[in-house]
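Down below is the structure, laid out as structure tokens.
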Amino acid sequence: MFFSNPFDDDKLREECGVFGVIGTAEAASFVALGLHALQHRGQEAGGIVTHAPGIGFNSDRRFGYIRDNFTSQDVIRNLPGPLAIGHVRYSTAGSKGNTQIRDVQPFFGEFSMGGAAIAHNGNITNAEELRRELIERGSIFQSSSDSECIIHLMARSLQKDIPERMKDALRRVEGAFSVVAMTRTKLIGVRDPLGVRPLVLGRLGEGWVLSSETCALDIIGAEFIREIEPGEMVVISEAEGVKSHFPFTRVPGRFCIFEHVYFSRPDSILGGRSVYETRRQIGVELARETPIEADLVCPVPDSGTPAAVGFAAESGIPFALGITRNQYMGRTFIEPTEQIRNMGVRLKLNVNRALVRGKRIILVDDSVVRGTTSRKIKEMILDAGAAEVHFRIASPPTAWPCFYGVDTPDRDKLLAARMSEDEMCDYLGVDSLKFISLDGLYRAVGEAEGRDPAAPRYCDACFSGEYPVKPVDMINRGFELKAAE
Amino acid sequence: MFFSNPFDDDKLREECGVFGVIGTAEAASFVALGLHALQHRGQEAGGIVTHAPGIGFNSDRRFGYIRDNFTSQDVIRNLPGPLAIGHVRYSTAGSKGNTQIRDVQPFFGEFSMGGAAIAHNGNITNAEELRRELIERGSIFQSSSDSECIIHLMARSLQKDIPERMKDALRRVEGAFSVVAMTRTKLIGVRDPLGVRPLVLGRLGEGWVLSSETCALDIIGAEFIREIEPGEMVVISEAEGVKSHFPFTRVPGRFCIFEHVYFSRPDSILGGRSVYETRRQIGVELARETPIEADLVCPVPDSGTPAAVGFAAESGIPFALGITRNQYMGRTFIEPTEQIRNMGVRLKLNVNRALVRGKRIILVDDSVVRGTTSRKIKEMILDAGAAEVHFRIASPPTAWPCFYGVDTPDRDKLLAARMSEDEMCDYLGVDSLKFISLDGLYRAVGEAEGRDPAAPRYCDACFSGEYPVKPVDMINRGFELKAAE
Amino acid sequence: MFFSNPFDDDKLREECGVFGVIGTAEAASFVALGLHALQHRGQEAGGIVTHAPGIGFNSDRRFGYIRDNFTSQDVIRNLPGPLAIGHVRYSTAGSKGNTQIRDVQPFFGEFSMGGAAIAHNGNITNAEELRRELIERGSIFQSSSDSECIIHLMARSLQKDIPERMKDALRRVEGAFSVVAMTRTKLIGVRDPLGVRPLVLGRLGEGWVLSSETCALDIIGAEFIREIEPGEMVVISEAEGVKSHFPFTRVPGRFCIFEHVYFSRPDSILGGRSVYETRRQIGVELARETPIEADLVCPVPDSGTPAAVGFAAESGIPFALGITRNQYMGRTFIEPTEQIRNMGVRLKLNVNRALVRGKRIILVDDSVVRGTTSRKIKEMILDAGAAEVHFRIASPPTAWPCFYGVDTPDRDKLLAARMSEDEMCDYLGVDSLKFISLDGLYRAVGEAEGRDPAAPRYCDACFSGEYPVKPVDMINRGFELKAAE
Amino acid sequence: MFFSNPFDDDKLREECGVFGVIGTAEAASFVALGLHALQHRGQEAGGIVTHAPGIGFNSDRRFGYIRDNFTSQDVIRNLPGPLAIGHVRYSTAGSKGNTQIRDVQPFFGEFSMGGAAIAHNGNITNAEELRRELIERGSIFQSSSDSECIIHLMARSLQKDIPERMKDALRRVEGAFSVVAMTRTKLIGVRDPLGVRPLVLGRLGEGWVLSSETCALDIIGAEFIREIEPGEMVVISEAEGVKSHFPFTRVPGRFCIFEHVYFSRPDSILGGRSVYETRRQIGVELARETPIEADLVCPVPDSGTPAAVGFAAESGIPFALGITRNQYMGRTFIEPTEQIRNMGVRLKLNVNRALVRGKRIILVDDSVVRGTTSRKIKEMILDAGAAEVHFRIASPPTAWPCFYGVDTPDRDKLLAARMSEDEMCDYLGVDSLKFISLDGLYRAVGEAEGRDPAAPRYCDACFSGEYPVKPVDMINRGFELKAAE
């Protein structure tokens, strides 16, 4: 019924963004703004939970964009109080079946010592095991979301306060998670031991903020204080400020390297550096590793732009916007006509024909997933009369699915899982196709020595097939890990 | 009730886009695609009229984006036939009162020899005079739109066929207009004698297309044939193809120069050249005319980007995306909270703090209208720690309102109508502010000698105050023309 | 797509109700209440036009019930002023094609001396002739409604004020009409020369009211003053009160007798008597004319109830509610399932099985139109175990369509046009079927002598085939009048 | 924000209706029809759950009427399978805070042996106690509905199949309940030991039906087999048909007597007799107990009609419809204007002025709750010129709230809790006010000897204050039982 735009289908997609505020009037309004700034991390639905003394908890969860659902006085008036958390989630429409509103976070649980709400970015790799066990013991699940396990584990804990119950629960959970949670008086943030997904702390006047990315601090004028550390839990109250805990065994971190490549917004700061600047540097490395003679360097809009700027600067070949994106494009259609379905990527992109005609074009894109869009873009460029088309990709071949909170196709749908670089070049029908090396990517994100195979600093499973947390549920379903070499 | 985003308020805006197709199955589907590609010319509402033999005329007009309203099978199924025209119109919400659906084009009239529908891009400068006269003689107006005059004038004509009636009507009309119209068997396109607004002809298989811009030919795979000439009427039928008429006194054309600067899409072709290339050239001229030492050249997204690319290339100063645009921003809100209202431009733009800190920044924007957004952007850049801010504007000072189909503030709201360049620089609080000269702009669009004051090749009234068509209605309402020098 | 309830399909239906108020604050609020009380006269759509000094005219027209559309502060706030008129119209969904919002009254026209709005109950029998002529002369029609002719005729009039232009227009119009209209300062009411459709005058404090029926005066607490006379025009202003005009040749009135039988609400007053009382009296006459032995007199809900009460009282047979109506039934469904479509009348009616089992039942209904519902009710009653079923009908056989503002099937769909009473009895499969005589009906409405064939006091064309106004458009389309005897 | 119609506020209201079907294709379609017939038992929201082999459970729950939500092919197509249950619930809007969709039944729970859904009519009087205990033990509640306890108690049961788990759960539950539930293969019906709320069994071809009332069997053409007995559980499967269980201690039944007076539909059968006939008999008893001289007996529409028919027959005073109900009235408004709010009961009822003028009127109503509507009706009747107004009430004074699934005001809002009959008569300002006696009511429902105070056959707590099940939660909240005499 829904027709998902093939262009968007051909990207890996972050599944969630989280945001929380304590210690400011009308906290929900700030959460709405923060989630708006994190909308790129999830467009399907959003939710906000607040607590106000004397009123209690309030909650609103809706399908669609934050700006359409959570900006009016009507909505915010029903979300009063100085403490609020929120969540945006990614659209699975068309690929995973229908989400229902009860699957939309934050989730709320009433415990004997009071209520708590949690919002979760990441993926629990043993959720199916946990769910079976909890049902056996009499828990009633209301959603199909893995994150609901955390609430039920908390309900079963014998601890007397909610942060301790949360520690109990999260110690049972495996996978990647950045959690923002709240009780009646506390805002809580946790990152999994490896710190796969991001989470940052900010200061807003007398209050405090937790956010997936720093760009959401900027929109509300909050000051960026620091990243929450891998394995850290912060418990923040108006009375006592920020208390730091480390409930898990401490291990070296493995932050998701794809946040640098594509997921995070270019104006966010990761590891002390602008994401834009890192991406530009990826372009510089890419130009060094894969030089080619050409007339123009064109980004595949919009995500390829910073790397294209870097590539152009390093190579000396002029940068140009050879492809224009239609700003009025949405992601899905309801039962479109045959004509419209056939348009595919043309609905979103158009080649600047007068510009590319007769030219040798370097196209810089962030990644190749299924390859379907890359093929169509190549056709459009050749139709417009380009003399040559060279693809330069700002990440290594994506050959493995992510199980840590990113929507990836099954392995057999990944072009790089089935083909060598040369085969991909043939398949796409371009004059050349080159990817940055994994070492090159590590260098661009600041590891001067490249990747240390014995102790890599990042989670790069989608490129290397080395999964830092064993994906138990997926293995139970038949997924095969990379054979040891 | 509605809160218009201040960022968008601070631009001149094209008021309409038109598109028509004849000689292909499911013409409405192509018109929907064409209008989607022209959505930048009008986002408030859209409409399509079709004709099918044996069924007659069908019409659908709706508020909102084309992609949300005109892509489903349900809608297109009710718009059958090989002949269709469509229209997108700009949102006046907040500035001009409420549009009603009856104001949305195409307009339809039933004449004794059959029906006709018309869609109009431009503005009729004597519409109020005509309206008074028509009411006096017994016409009943249904809309508040000036374009409805054309239908009533056609109804009153004594000519026996519809194209002739249209000539009668358009000879009475003054101003700027590109009209796409249809009868049961004919597609008709007309440009006013000066050709102020664009209109192009394309070929789609055995059929023909009329469109405001060439980018809308690309989306449906139509071939760009030529621009309709100023003062030309083309009457296209399946049987006889394209017939060209020149119903008006022939005078030299005065195409709108602002189409080059901002209105048209960068991937359209105007005057035989890519609009992107022209804008890049404006940036080159601007760098030559207004050089400055700095660390980075940053576009104000997205419209300033091509000129910034040109400026950077000419000046040798690195190009960088110092400001990030939120892609999930809509234009208006319904009763937003105070917090959200105060965010203003931050809802849409964020400075890349880590990138600009300590740098001397050149910001390249396409125009300064009220100056409100420019001030806010400057504040954001300085907040982020930039050392210096220099504005470079890719058009001359906008000191006069447009009466030819562009939404402009009243003259007293235009910053350049009230201040000199130095005063504007002080008012904006930037280190320097420079505009391209009118001659520089003419050079960039291809007039090597600059502007010929005796016979300018373009309509540049918004910069020069020289109105090529007398704005009769506005003068009746008290508007004062520029004093003769 | 829509599935009209077969039960409702099998009734004649009034097509409109009109209401107007002058001289009270928030006039629109009173009009909304009045239209709510007149909702039985038209359920498809409603509209209100108001005028406020210094603000001008405002209008709102919507599909659906008044109570859903016109009761909120939001809506009424946008309809300010002391002068307002309104209209409800009947749903033609499924039978006549789709109505569009532009077909919903009141209609508005801007004349050189100011605007006017009109709302019309009835039908113009020469509308097609008039429309052709007006288009020939250059009028542009916006709706498919016949009533729009009146506005165009007014626009063409050479008279200098609006009431005079309305007289000019209505003198050209043939058929049945009760019009409520307004200018900036005047409320106007007109009935056609025969007074076929009702219109009454009421007093509301210092203000005045016009309404189709008196029940709508009651709801707003207005006092019933008098009926507007056939052929009368009243022009009401705050300054001068009610002025009476008689613009047409004066002829004896022919009020619609079916208003007594079915259309008007039982709590309205017609001809000085409660409609309920008249209907009860019809039941009394019916019992006298068509006696039968039985156990229970049951009404077909709800319209048959008053006549059943009268029949029971006159015959001495106990009255009982043998059929229960589901109060939550709407009129139409969108694409219902097969199961639901097959339910037909059972969705709305259920027989009280325990009550009717083994009994001889007299069913009293107001009319038989197609006979489809009567058949189904008979089946339900027999299924429930009734011993005998006798139909008694509170009107003569409906053998002719109405062309004066009532929705009737084509003549060949009317059961009584194709069958004698005995044949109908066989067709329905009941033990007996009897109709009141035309004389009996005249006696019940107060004509002690019955119907005077030389000069009948009512329009009874649907029974007699004698049309008091020649249905010109219908004759042009091929309708054959009853042969002279 | 919502303005509840005062007329409807002044009734006791049934809170739910339940319906289930097994053994027929497209079971959901039959459930939708059944719920439509039970809509009088709950208008706020409805829900349907189905199970289809190979597909699993599907669920849809929506606010609003069944006919608007559950009749289209789109909706029913998503509810496939031969087994379905459904629920309608009463609107608490305005009186009890906002219901959310998660509070709408049927509720669903996933157990280790498979899923189950339940729908519940009645009220659990120890729900708060149970809820506290369950939360203490780690259950997470998702709704504010008491009925959710049943699902959690089932989840905690150690029994191996779902019917046994349901027995476990229901043995912990106190109060009044008629439950319809389903597993993947079984339809289950249960009535509490006293059988306070109704539940009947029907046969539909090869399948079986459970329904709150027989009228819902009629609509789908099902045959009425028998009432489920107090304390009975029926487990129905396609393979084994109906199996009867009696899981509770067996005690004499106490069916709700108010179902006879008002809640059930008149065309349903209760205790072997038509509800209409019982109500008529109440009118007969009432006329015998409280005779008076008058001109007309008028029902307060629509619920007073059968008793008024009986009263008129017994007293010999003519029956007449002196009050007309507006059929287009809904129950609530969103922010109505002041005018509309002031209309109150006039929006729904109008007196037939011409009929009642100068007459002595007996008004027959089913009950007096707050008395607010009775006062307004009296005023309307006197305004219309009635000479005398006598109220006759078809139930004893309602002096105690119901805790068994009926929405009643707090005790201090009940007129009869604060006043004697004479005081009520003064308060209402009528010429006389009489209620049927409790013995008279028992006689009318078939107990020839009247009420046996030692062992009453019905629950009549709302009249007598004698609660057959101790309302534990309410007592914990401070409710005081009637003092022992």
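We just call them A, B, C and D in the order they show up, numbering each chain from 1.
The definition used in the following text is that contacts are C-beta pairs under 8 Å (C-beta built on N, C-alpha and C of every residue); 3 or more make two chains touch, one makes a residue touch a chain.
Small disclaimer: the values here were computed from a predicted structure and weren't measured.
Q: Treat touching chains as neighbours: how many steps, at the fewest, connect chain A to chain C?
A: Between chain A and chain C, the shortest chain-hopping route counts 2.
Q: With centres defined as the mean C-alpha position, give me the chain B-chain C separation in Å.
A: 51
Q: Nearest whole angstrom, what separates the Cα centre of chain C from the Cα centre of chain D?
A: 37
Q: Where in chain A do residues touch two or more other chains at once?
A: There are none in chain A.
Q: Mind giving me all the chain pairs that touch?
A: The list of touching pairs comes to A-B, A-D, B-C, C-D.
Q: Looking at the complex, which residues from chain C come into contact with chain D?
A: Of all residues in chain C, those touching chain D are 26, 29-30, 32-33, 36-37, 39-40, 43, 65-68, 71-74, 76, 215, 218-219, 265-267, 269, 273-274, 276-277, 280, 302, 305-306, 309, 313, 318-321, 324, 326-330, 333-340, 343, 346-347, 350-355.
Q: Which residues of chain A touch chain D in their complex?
A: 101-102, 109-112, 135-136, 138-142, 151-152, 155-156
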